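Since the structure comes first, as structure tokens, the remarks are kept for the end.
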Amino acid sequence: MATLFLDILTTSSMLFIVAAGLMIILGVMKLINFAHGAFLTVGGYSAHVVTDAGFNAWLTIPAAALVGFVLGIVVERVILRPLYDRPLDAILATWGLGIVIAQVITFIFGRGVQFAESPISGTADLFDISYSSWRLILVLVAVVLGAALTALLYFTRFGLNARAVIMNENLARGLGIDSVKVRALTFGLGAALACAAGALITPLLSIDPNMGLPWLVNSFMLVLVSGVAIPGLALASLLLGGAQVLVSTFVSPIIGGITIVVLAAVILRIKPQGLSRG
Amino acid sequence: MSALRKPESAESVLTVEGLTSGYDAAPVVRDVSFSIAAGEILVILGKNGMGKSTLLKTIMGFVRASSGKVHLAGENITNRPPHLIAQHSVAYTPQEYAIFQDLTVEENLRLGVENDKLLKERLEDVEAAFPRIVERLRQGAGTLSGGEQKMLLLSRALIARPQIMLIDEISEGLQPTMIARMAEVLQATKEKNGVAILLVEQNLPFALSVADRYAILKIGEIVERGDVAHADTAATLEEHLRI
Amino acid sequence: MADITSQTPQRSLSPYWTTAIAAALALAVVLTAPLYLDIYLTNVLIRALFLGVLALTVDLVWGYTGILTFGQSAFFGIGAYACALVFTHWGFGPGWFVAALVIGILAAGLIAWLVGLLSFYHGASPLYSSIMTLALPIVLVQIIFSGGRFTGSSSGLSGFPTYYWSINTWFIIAGVLLVTVASLAWLFVRSDFGRILIAIRENEDRCAYLGIPVSAIKTGLFVVCGAIGSIAGFGYAAFTNVVAPELAGFLLGTESLVWVALGGRATLIGPILGAIGIDVTSSYLSGSLPFLWKFIVGVAFVVVIILLPNGIASLVTGAWRRYKARGKDETAAHRHRSNVTLVPAKSRRLEENLSDDKAPILIEALTCRYGSLTVLDGIEVVGRRGELLSIVGPNGAGKTTLMRCISNGGERTSGEVVIAGEKIGRRSPQKIVELGVGRSFQNTSLFDSLTVGDCLRLARYRIDGASYLERTERVALPEPALEILKATGLDRQLGLETRYLSHGMKRGLELAMVLATEPRVLLLDEPTAGLTKPERTAIGDVLTRLVEDYGLCVFLIEHDLDFVREISNRIVVLHQGKMLLDGSVEEVVSSDLVKAVYSGQETETPA
Amino acid sequence: MKLTRLASSLLLLGAMTYGAAAQEDPIKIGIPVGLSGANSVVAPSVVQSSELAAEEINAEGGILGRQVELVVADDGSGAQGAQRAFDSLVFQDDVDVLISMETSAARNAGLPIVNRAGKPYIYTSFYEGRSCSPWMYVNAWVPEQQVTPIVDHFMNEEGAKSFYLIGSDYAFGRGMLEFTRQYIEESGGEVLGEEYLPMDGSDWTAIISDLKSKNPDALITSTAGGAPNVTLTKQLRNSGVDIPYGNLAVDEGTAKSMGSDATGIYISQSYLTGIESEENKTFLAAMEEKFGDELKTPNDLSVPQYEAIYLYKAAVEKAGSADPQAVVDALPEVSYTGPRGDIQMNKQHHTPLTMYLGQVKDDGTVEVIKTFENVDPGEQCPNL
């Protein structure tokens, strides 16, 4: 029972961490970033490069975030800016970008699986059972991340400007907010979060050119179900992640693998605006 | 061009020359010219759908001017992006969706100033004009009454301490007492800070009580203009604006 | 081809003939190609031709209708697996061959229908249908994986019995299939119905308010394209003698988007060339440069999406248009040859209007809230036959919301709207058009790339239907619509794309389109905004005639109160979501209360 | 970088063989292989060992005096790519034989083309078994050969009675575990759980929790190579699972790169670099000399490929010509002694093999624990 509880909690945390970057971008920019999976991959490879060069494994996370931020700023400028009024085309362009990133990674690192050192391995004892320490740390990370994003959005000037742009872009511009800059920074932040997430999940995953792809669709579904809000995403992660674990445990892990997709499609049919609206 | 138009002078804050703009292919604003000096209130009068709001939006850069020029303190700002124009010490209060309903009152005010420190310093401006707003800083702006929302709107423009305010139908839907208060605040602001104010209105009594000069917009063109001080204007204006 | 312009002699050729000639030429190429192609290229091309059919369906769904689909590959896979599963597990022979094909088509059609039902409903965001098409291949592939020996799981099935016809025979089969589907699609997209697809892409909402059953049309198209995709997949599997999960997968689905985007959306030819070009080039290049080739395709895809949203084909067609347009003014280049003749329609509804004694519209206790904001509160209005009722009030009074609540059953919070004795309930806009409500909109964005004639035909879809393969030349319109077209000169501009119309003409067309749906209640939202004085007068005359001669009930939102005073029978004043006054023109004009509201001296509404 | 070197070495090889065999047409060997996609990790090593075989054969005068020429084509590790690759090899290059390590999907997609064209085809990858064609021979292992050593060892030496099985949901994963379960039950053991995750799945949480709650004596996994294998191993280690663990999908190279996570894993292979035979040492030295720094570690996929080219040579020489039918008839008759020992594809087109049970040590190397001589592939294609 305790295991099941921890499974649900840790799985949801992972989903939350992975989807957060996608949500920030969709929330502020109204844009679905199909290169999200590729950004996760870039994060994984950043971790590989960092530990390969002999640096401390904890450095992988800030390093990946930095790489992601720079990448995001460049991508926003070159690819996304011309596409703001063509949101469906932006999905396609970012998907194409994902293909390109995967190929570039293959050129540099080859198709094979790479490895990065884990900051922590082994198990910790909790509730009389031994449980993966890294997974427990991810719960902590998810909580901190959720709090930090909330703080960023609700207690900083950038957050205020970003929220103003989300709610009414024209009014925000009329008050002197440079919405173009807000978008660029937001995309940089989203990409940074995605890459950091990529680094955060490497202790449990392999690093290969397609490592991010399976996460893309699930994150996308979660974000839509969340209604594009932080508490909504937490709720969606718990709900759908929990459903995935329950189905995997009690029915079959194979059906568990498509639980999120199917459930999200159903939820969105009933509540098109997602969980946190209407 | 009207003979009543003031000659351009050094203190002219905003000058609009031959401005034409609109949506689709149809111009909504046609060949409009005027200028406002510091410490002056100009009101553009006209009925709904005559292009008043579009005029303000064109000045602010939201609607593209197809010809003509807008100068702000001597600098040509025609068709600049809105946020750059706003950063030129311009406070714009649109008519619809003018406050962020889902933000708190305080957050709405914060958006009026460049940084959060200025807010604290200038909160007394708001306190002086609308004490009720300062009492409700923590409240969601959407929960304010219609009149309070208008106060918030004007407060947000006040604390920006702009050189010019562009105000779109602030009196709409307000009670007479409230309208009078608005007029007082605008007058005081003009006198105290030497702000230039461009009002767009269809409420004639309010407009005449506060403005120095007026211009009447009809189907996108200025058809008449003059000084409010000339008392006989009221009757002519009534003719233009009656239902 | 035939319809792009102009005064060339072939204009007497019907689209049938031009398509037939093009198809015959293409077939000749298909029949002779194996003679000079080497066996390898033939082999590669056969598969590419089947994929070309898949690309065509993606173009119909995405390029023409605007539904971004990631899952067209699912139908391809269903067809392929129908072939493999039937031949592997049940039997093989001519009978089984047909049975498997039919099973594939039915299964694909059924699944497309289910997905369509789920994803296309009024108010669904375009994103939601994309999500559904994304989920479809993911789920399908998972089912194939779990199928064990039955589906061959990841290894797929191969070596099942099939017809080992010669390579040339298969080439001809694939070629004929592609030419047939392409020719039909060519006629289809140029038919009356094809125009509806484009209209849906350009302005889905407006289509619904013209009484076009958007959801049903999308679902139908999805089913047909799914079935065609299934046929292509069936052929592919029967030829290659192997199926694998990747044939149904999400990656093939996105790949087909790449073909279509690179080739050029909504061109049919572009996607076919895109599919064949990329697939054949892959066959030659991917052996030596597997990663580099993918990289190049990825970069090309991104560049084309950003810089050439209409695909590489647009470079060619753009140059062709410029060539055609040299020496002519811009609009002439976009003026299509038009065979449309307008004829008067016998309008049963308009006749009924004159005899029916039920009130055309009855609004009872209508309330509309958005969250905590009450936009309309307890509105009670009766609209009578032959009455022009103006709704006035300051901005934000709820006028447009009232229109919305009448024309879409899903909008209001409570209360009821009764049209000619029938409650609208929660009906969708197109169902309410059927009841006889016509609504015009404030903004004038029509269907930019359609011609005036197309727009009018579109507006008649609910009553006259639409041909699937041809473009009818006669458009029957009720008398008042014809009058407006004549008055505005639109009847001489039937071949012009609407985006090149003047503002006044757009307003006129909008009104003519609404009238073409034969409404009994007409909702007009600022029909004269942005019009010149003579244009206003003309519209005013038309409105008066509609009311007096045809017995329509017109609800008019208007800011120009002079105009309102001239033409209204009655005026309703709204203020802050409540009805302030409902009375004759004189009553309203002389009302102190109204004056006060307009000059802002009074806000208390009378109870 | 790597790619251009690969391409240039191929070109060089082509030029060399062409120059030497100008007088008579060379024998063309088609190698469809996954240069891209899932197999692209091992494909380069397979190409390298093929190149070595061709070079050695050409240096000694070729096959029946004809030089050998390799034609490599990318099959993209999947069905669609394989069709392209087989088409191009069979119809465009008109190769005499196809010898390749491929995924099952690619093999299945290529087989109809092979059957249609009537070309000998030697499949050199271990697989789930029971793929049959008159034109195809297999010189690598099937479940019957790989699984038995591990299960026997776990039951006899580790005293395991209860097992837990985990796999990727695909043909190979299910095929292997199906046999494993059957064999365990026949041997008197018990299977407590058999769970699968989709091929691209990476979250093994629920399965691992189930495993821990059932508390089996031993674990055997059969995932897809690469990512699923690594994610499962990492997550198992992270959850503190430390029962005897047999991994059917890990090879020496991967074990080494996985570092500490791989320590203690049992693997069962027909080839390990540590085999102490003269043939293996000569082979490794020749590879080392030919490729130097570029050398991809030889493995259980590249070595059968190397041997298959020699088996083909022997068959052509026995048949006296490269005639496809004659060669196919001769293939089961000939044998070759290579790095893995004596190889003869005489059991229903499959091959009895010597299997090695190894365990991964702390430093990532694999220690051979036990050798199982001539393990029979069992009934694979009774109709052939």
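Remarks
So that you can tell them apart, the chains are marked A, B, C and D in the order they are listed, and the count of residues begins at 1 in each.
Rule of thumb we're sticking to: a residue touches a chain if its C-beta (ideal position, glycine included) is under 8 Å from a C-beta of that chain, and two chains touch if they have at least 3 such contacts.
Predicted, not measured: the structure shown is a model, and the values here were computed from it.
When the interfaces A-C and A-D are ranked by C-beta pairs in contact, the top one is A-D. With centres taken as mean Cα positions, chain D sits 37 Å from chain A. Rounded to whole angstrom, the centroid-to-centroid distance between chain B and chain D, based on C-alpha atoms, equals 78 Å. If you average the CA atoms of chain B and of chain C, the two centres end up 42 Å from each other. Among the residues of chain C, those in touch with two or more other chains are 142, 145-146, 291-292, 294.
Looking at chain D, one finds that residues 3, 36, 40, 169, 198 touch two or more other chains. Under the contact rule defined at the top, the touching pairs of chains are A-B, A-C, A-D, B-C, C-D. By the touch criterion stated above, chain C contacts chain B in their complex at residues 372-373, 394-396, 444, 502-503, 506, 526, 529-530, 559-561, 576, 589, 594-595, 598-603. Contacts from chain A toward chain B in the complex involve residues 157, 160-161, 163-164, 167-168, 170-180. Remark: chain D residues 1-3, 36-37, 40-41, 169, 195-198, 200-207, 209-210, 212-213, 226-227, 229-231, 234-235, 237-240, 254, 257-261 touch chain A in the complex. On chain A, the positions that touch chain D within their shared complex are 3-4, 7, 10-11, 14, 107, 110-115, 121-123, 130-135, 203-206, 208, 210-211, 213-214, 244-245, 248-249, 252-254, 256-258. Contact residues on chain B toward chain A in their complex (touch as defined above): 60, 62, 81-84, 86-87, 92, 94, 97-98, 100-103, 107, 110-112, 114-116, 156.
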